[in-house]
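One chain, subunit A, links the two complexes that follow: it is found with subunit B in the first and with subunit C in the second.
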Partner chain A sequence: VTTLETRGDALRQAWASPPGLEGFTSAVNHKSIGKRFVVTAFVFLLVGGLEAMLIRTQLIRPENGFLDAETYNQLFTMHGTTMMFLFAVPMVEGLAMYLVPLMIGTRDLPFPRLNAFGYWCFLLGGVLLNWSFLTGSVPDGGWFAYTPLTGPEYSPTAGMDYWLLGVTFVEIAGVVGALELAVLILRQRAPGMSLLRMPLFVWSILVTSGMMLVAFPAVITASILLELERKLGLPFYDPGAGGNPLLWQHLFWIFGHPEVYIMLLPATGIVSAVIAVHARRRIVAYELVAAALVAIGVISFGLWVHHMFAVGIPVLAQTLFAVASATIAIPSGIQVFAWLATLLQGRPRWTTPMLYVVGFVVTFVAGGITGVMVAAAPFDWQAHDSFFVVAHFHYVLIGGVLFPIFAGLHHWFPKMVGRVPSEGAGRLSFLLVFVGFHVAFFPQHILGLRGMPRRVYTYGEAVGWDGYNAVSTIGSYLLGLGVLVFAYNLVRTWRRGPVAPDDPWGGDGLEWSTASPPEVHNFRRLPVVAGRAPRWEPAPVPDERTASAVTTLTVPEQGRRQQLHTTMVAAEVDDVFSVPGSTPWPLWTAVSIAVALVGVLIDHAFLAVLGAVLVVAAGLRWTSPPGGWRADPSTWADLEAPASRPGGWHGLLLGLVAVGCIGGSFLYAYFYLLVTTGGWPPPGVGPPAVLLPSVAVAGVVAATVAVGVAGRRVEARVPALVLAGLLGLAALGADALDLANLPFSPADHGYGAAFVTLRAFAMVVLVAGILVLGVALRASLRRPDDPWTAAVLQITRLLWVFVAATAVVVWSVVQLTPRVSGGEGGSRTGSVPHHSLATGIGSGTGGDAPR
Partner chain B sequence: VRRLAVALTAVLLGTACAGEPSALDPAGDTAAQLADLWWLMLAVGSVVWALVVAVLVRAAMGRRDGDGEPGDWSGQRLVVAGGIVLPVVVLVPLLLLIFRVAEGLSHEPRQDDVRIQVVGEQFWWRVAYENAASAVDANEVHVPVGRPVTLELTSVDVIHSFWVPNVAGKTDLIPGETTHLRFEVDRPGVYRGFCAEFCGIQHAGMRLVLVAQDADEFDDHVRRLAQDAAEPREPLAAEGQQVFERVGCASCHAVRGTDAAGAVGPDLTHFASRRTIGAGVVANTRGNLAGWVVDAQGVKPGNRMPPQPVDPEDLEALLAYLEDLE
Partner chain C sequence: VSDVGSWPWRRIALLAGPPSAWMGHLLLSYLLVPPACGTSTVPLHLTTVVLALAAVGAIVVGIRGVDGDGSRPFAAMVLGGFFVLVIILQGTANAVVHPCA
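Right after this comes the complex of A and B.
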């Protein structure tokens, strides 16, 4: 016993966060960060809910004067934005960060500092968005922010800038969280937990993470382009200058539709977890459910156009997207019937989490059915942008996402806090939430069919909408009350609820084998599993290698935070690795980004540049070796034998997937504008210069070769890195020189704007490559023989492959397209149809009248 | 009880009274096809939903013992039947039907259609009839019954969307593009319409009226719209015309046949024939008109018309002139 106690103390010491304010700003533990995500997201739920109550109050009767038009438009914009970006996604991410390491039997996430950084980005981004209320310039363009309404001409206040910068900041948190969770799930599962033994919640998070890495870049790109249009006049979305407002809609919905499933899939994962435990039966048809999760993830990327059925897309295309949208009913149906079969065969207990799950099934299935209806293109011509759609997506998002989140919070609360919430208050909250929800949103279907468009701050008396609206508003108050009861229950429990046992529900998963709340290191001895429900099965006898690995890890070597890598598919023991401890640098990096964004927001160039410089400085500090450059080498020189691939390599790979998708979105924008304006370059603009860009791309390729040499040959490492750096700098110089002497301005035409952004993207990637070269060079000079340095070099090589690929692709596109597409002078918008139409009307200046 | 049931059904299904907008009270074949599709989908969807809830209730009522094996066959079978077979059986015929309806209601304009151009502006609709170059109107679209109509839609500022629920689905008005909405109305009447795409502060106040009338009446209406304004018939109205030009109305509004040629706001040549003021926000009555002229911002905050400080006598004359523009 004494030995075990001592081991526990040593582990506790190694993993503990410092106390007090220092601990608060520098904690990186997945449980601290996960809890912060959950609590912050819940606060934003209350903020978004308050906004909803105000909206509903305004609509309670016709011609109501409670809110003016401007305030109403601000409130529905912030309501949607808050619920999507600041509540739903961070909430499920926070739950995943807290729970997944426990569920898969590991101690922490693979990149704890990155995780902390994600939280600070989320918090600061959320604060930035809501700061707009204090300045009066509140975003008011709707949560999907269609251009040109949100462009510089029709939204001249800073409101949209708050929106674009705040949302992008929060999206960064989403991307790094996704990357982190994916690497965690793929590399750190307990020995024996093969892919097909993972809990379904973990499956849902894995799929969701993949989706976020691909989907979020599209909206990040769309936002960057719009901010460039607003601040620098680059006309991406301006049809008068070779832009196209529909480009925004495509980019936004390429993100926006997967976004729905990014919220929904983790929620279904929660449902699977809750049903199994509270029906005391494993989920039926596990393999089908896991396959359904993957299928939904893939299909969701093929549906975006069904948000655009009213923009005049050819009927055939509409039908194809309708078919694609309807197919998602199959994987959804599989999940629903798997839950039903489990309930039929199990012995359900009607606890609060289970009630929320039943409420979920009833509501979500209804929302799914109306989803098939609105995916039916012809019917959508009626339903689109009406209250029918409002009803539909609230069925999906409240019924399908909020109910499961509440089920999950109640279910895991004893684990996270160590106290059991009251069942009575929980059931009361369910009753209010469920009844209130349906009273609020069922009538909205009818309102939509009776012609009420969404986003109207008022309506006349003669249209017959008053009764339904009054009922809906009363329902929304009940729903709001239910949420408050739920919140009150948790807060009260947190302060003085009955103490929870380790496993209050008789759960199946590894999370229930930890203390409530878990110790800072989660497991004293890392678990080994042999089935899908480890707690319901006899403990396996691990093989010798596994046993020795988990035994070794019961004592932290030299106080390091050691974890176990396992193989991706079979989860066999791979190697031991260490993660860094508490540090405030993630916070300072996030603050630096905030400084830069505020600089952009208030048009303060110095502040923006200062922020950017601080980001680089903080990032370099962040990338120092464990213990810092000056630390005694003995504390880290004898790191464990490195795996074939360090964890950071996988992290970078996924990060590059996301950055590559940003680049891909820039390319999409380039080609979309090229095609819809009928060929590039526009009249009067020649094809781009060849010499300097070609020199630059050759330099980048040569530098990449040098980086490769540095990675393979230890003796040539330093000179090769120096050479690569010089080549990279030369390429950067050539690019900059070329862009400085462009014969056209990027603000003149969509062509120039897309051309320059694509080139600038390649240059930013190149700068990142050069900075990392600096880190690699420093490591090679100061710690030439360390495994850490070898890992840095592996990562540098991977990055440079990406740098070179980007340079070559961008060079090919910008050089070839103007020469191939012919540029018939065919700016379609040069002979804009609406001019001819407008001149047919009135005195002929209608279209051009100054306003 | 029966009457109560009928009334309840009416409330739940949203049956609209005359004059109230509703996609389920079709005024013509186009909207009728969409409404039929809705009723069919509602019926099928309700059955599917009831099925799921029935299984759920069954699960709640019956208590079973024992923990079935993970690969339990009967459970798997339910999942395959409900999750794969059921959606396929329901969706394949439905999708085929949807494809047929969509094709039949294609918005591609055809040769013999009545063509009407509609331009969206923040926050009103500019309307022109193709068969009479100067037949210009605003916020009111007249169509003949029994003839296919194609609207040619575009916008000069932000994206709007044209929606008259009783008549057809909606189509967006997009700057830099021309989109089409093709439909047929069979039942004469006056139908309310709305801008359905959020377009700024007065999105809610961007409404319209669609008037379906017999072909003769329609032709008369368009012919009249094409004419210049008649000379004021009464002295007060003539005085009002001077006020119109003096206080600056003419800098934004046109009255064809006079010097007033502003093009920022709606053409007022046949203003008195319109049913509404401010793009469907209030009825075109004398009182509403006076309120609108003096303080349009009070009626529809955020629209582009500035308040007009007109003294009472001038206002009388101005109203007389405007009411004379038939």
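Right after this comes the complex of A and C.
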């Protein structure tokens, strides 16, 4: 017993965060960060809910003067933005960060500092967005910010700048969280937890993480392009100068439609977890439900055009997307039938989480059916931009996301805080939320069918919408009251609720085998798994290698935070690795980004540059080895003869997927504008120069070869890295010289804007490569024989392959397209796109009815 | 069997082949609609046939690479079949709706 206690104390000591303010600013533990995400997102839910109450109060009767039109526009914009970007996604990410390590039997996330950085980005981005209320320049262009309404001409105040910069900042948090969770799930599952033994919640998070890595870059790119148009006059969305406002809609909805499923899939994962435990039966058709999650995740990327049915796209093209939109009902239906079958075959307990789940099934199915209705283009033409659509997406997002989140919070709250919420208050909150929701939103279907458009701040008495609106508003008050009761229940429980046992529900997953709340290190002895419901099955006898690994990790070697890598598919023991402890650098890096963004926001160049420099400085400090450069190498890391690549390599690979998608979105914008303007370059502009760009791309390729040599030959490592750095700098100089001598301005035409942006993207990637080369060189000089240095070199090689690929693709595109696209086919000013896929200019606003 | 150090190509073909074929079919069909209006619809139909066959081929290749115990990856097969179904449904749209509409 004494030995076990000693080991437990040592683990606690190794994994503990410092107390007080230092701990608050430097904690990186997944439970601390996960809880912060959840609490902060819940606060934003209350803020967004308050905005909704104000909106509904304005609409309670005809010609109401409670809000003026401008304030109304600001409130519905901030309500949508808050709920989508600051509540739903961060909430499910926070739950995942807290729960997934417990569910898969590990101690922390693979990159704890990145996790903390994501939280600070989310918090500062949310504060930046809401700071606009204090300045009076509040975003008012709608949560999907359609151009040209949000362009410099029609939104001249700083409101949309707050929106673009704030949302981009928050999306950074989404991307790094997704990267973190994907590597966690693929590399750190308990021995024996093969992919088809993972809990369905973990499956949903894995699929969602992949979706976030691919989807979020599109909106980040769209926002960058719009901010470049607003600040520097680059006319990406201006049809009068070779741009196209529909480009925004394409990029936004390539993100926006998957975004719905990014929120929905984790919610369905919660539902699967709650139903299994409270129906006391394993989920029926587990494999089909997992396959359905993957199917939904993939197909959600092929639906974006169904948000654009009203812009004038050819009927056949609309039909293709209508078919895809309708077929997503198949995997969704598989999940619903699996849940119903589980309920039928189980012994359900009608607890508060279960009530919310049943409320979810009823509401989600109703929202799904209206979704199939609006997927039919002819119906969509009629219902578009009406309150019918408002009702539809609130059925999907409140019924499909909020209800499961509430179910999950109630279900896992005893685990998270060690106290059991009140069932009575929970049931009361469900009653108010469920009844209030349907009273609020069902009448909106009728309002939409009777012609009430969305985003009107008032309406006349004669149109006959007053009764439905009054009922809807009363329902929204009930819903708001239910949310407050739910929040009160949790806050009261946290402070003085009854103490929770380790497993209050008789759960099936590994999270219920930890203490409530779990200790800082989660598991004293890492679990070994042989089935899908480890708590309901006999404990397996591990093989010798596995037993040795988990026994080793019961004692932290030299106080390190050690974890176990397992293989991706079968989850066999791979190697032991360490993660860094508490540090404030993630906070300072996020603050530096905030400084840069504020500089951009207030047109203060010095502040923007200072922020950028601070970001680089903080990043370099961040990349120091664990323990610092002066530490004894033996305390650095546990990369002793790993069987596969270091976790950082996989993290970078997924990060490059996201960065590649940003590059892909720039390419999409380039080709979209090229096609819709009928060929580049515009009249009076010749093909781009060849010499300097070719020298630059040759330099990058040569540098990549040198980095490869550095990785393979230890004796040539330092000179090869120096050579690579010099070649990279030379390439950067050649690119900069070429751009400085362009015969046109990027503000003249869409071609120039797209050309320069694409080149600049390749240069930014090159700069990142050069900076990482510096880190690799420093490591090679100071600790040439350390495994940490070997890992840095593996990562550097991967990055440089990406740098070279980017340079070659960008060079090929910008050199070849002006020479083969029939140049001078576009017009320098005022061209009307002739490509029928892009019609809609002049035939509509793309569905966003300006107020 | 460890999955370290070697790529499970057949499994990847089974999991990634049909979804990739579907995405390719959607994007190609979308791009081919305007030219099909002015010229011929044959490329549209050809796209459907080729990519549906590619998806089916990926499933067949994947199934042949079953694990050593002979078990079939049931869920992955259903998943692949779903994407074949969507390709066929979208191909039907190509056949029924005129590209100039």
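Rule of thumb we're sticking to: the second predicted complex is superposed on the first by the 819 of 851 C-alpha atoms of A that agree within 3 Å, B and C clash if a C-alpha of one lies under 4 Å from a C-alpha of the other, contacts with A are read in each partner's own complex, and residues count from 1 in each chain.
Please note the rule applied: contacts are C-beta pairs under 8 Å (C-beta built on N, C-alpha and C of every residue); 3 or more make two chains touch, one makes a residue touch a chain.
Because the structure is a prediction, the values reported are computed rather than measured.
Novice: Once the structures are superposed on A, label A:V695 by its partner contacts, choosing first (subunit B), second (subunit C), both or neither.
Specialist: neither
Novice: Is subunit A touched at more residues by subunit B or by subunit C?
Specialist: Per-residue touch count on subunit A favours B.
Novice: Please indicate which partner A:Y146 is in contact with in the superposed arrangement: first for subunit B, second for subunit C, both, or neither.
Specialist: So A:Y146 only meets subunit B here.
Novice: Applying the touch criterion given at the start, work out whether A:F301 contacts subunit B, subunit C, both or neither, answering first, second, both or neither.
Specialist: second
Novice: Touch test for A:N73: subunit B only (first), subunit C only (second), both, or neither?
Specialist: first
Novice: Touch check for A:A530: first (subunit B), second (subunit C), both, or neither?
Specialist: A:A530: touches no partner chain.
Novice: For A:L431, select first, second, both or neither according to whether it touches subunit B, subunit C, the two together, or no partner.
Specialist: A:L431: touches no partner chain.
Novice: Let me test your reading of the model: by the given contact rule, A:G240 touches which partner, first (subunit B), second (subunit C), both or neither?
Specialist: First partner only, subunit B.
Novice: When the two structures are overlaid on chain A, which partner does A:A768 contact: first (subunit B), second (subunit C), both, or neither?
Specialist: Neither partner.
Novice: Taking the superposition on A as described, I'd like to know which of subunit B and subunit C A:V43 touches: first, second, both or neither.
Specialist: neither
Novice: Quick check on the output: what are the common subunit A residues between the subunit B footprint and the subunit C footprint?
Specialist: 288, 315, 319, 322-323, 327, 330-331, 837
Novice: Residue numbers of subunit A touching subunit C in their complex, please.
Specialist: 196, 287-288, 290-291, 294-295, 298-299, 301-302, 305, 314-317, 319-324, 327, 330-331, 567-570, 572, 574, 643-644, 835-837
Novice: If you look only at subunit A, which of its residues touch subunit B in the complex?
Specialist: 68-70, 73, 140-142, 146, 148-149, 153-154, 239-240, 244-246, 280-282, 284-286, 288, 292, 310-312, 315, 318-319, 322-323, 326-327, 329-331, 333-338, 340-348, 350, 358, 361-362, 365-366, 369-370, 372-373, 376-382, 384-386, 446-447, 449-451, 453-460, 462-464, 467-468, 532, 829, 832-834, 837-838, 840-847, 849, 851
Novice: Can you list the residues on subunit B that touch subunit A in the complex?
Specialist: 11-14, 16-17, 19-24, 31, 33-34, 37-38, 41-42, 45, 48-49, 52-53, 55-56, 58-60, 62-65, 67-68, 70, 72, 74-76, 78-84, 86-88, 91, 94-95, 98-99, 101-103, 105-107, 117, 119, 122, 126, 128, 133, 136, 152, 154-159, 161, 163, 165-166, 168-172, 174-180, 192, 194-205, 254, 261-264, 267, 281, 301-302, 304
Novice: Tell me, which parts of subunit C touch subunit A in their complex?
Specialist: Per the stated touch rule, the residues are 1-5, 8, 11, 15, 19, 22-23, 26, 29-31, 33-34, 36-37, 74-76, 78-79, 82-83, 85-86, 89-90, 93-94, 97-101.
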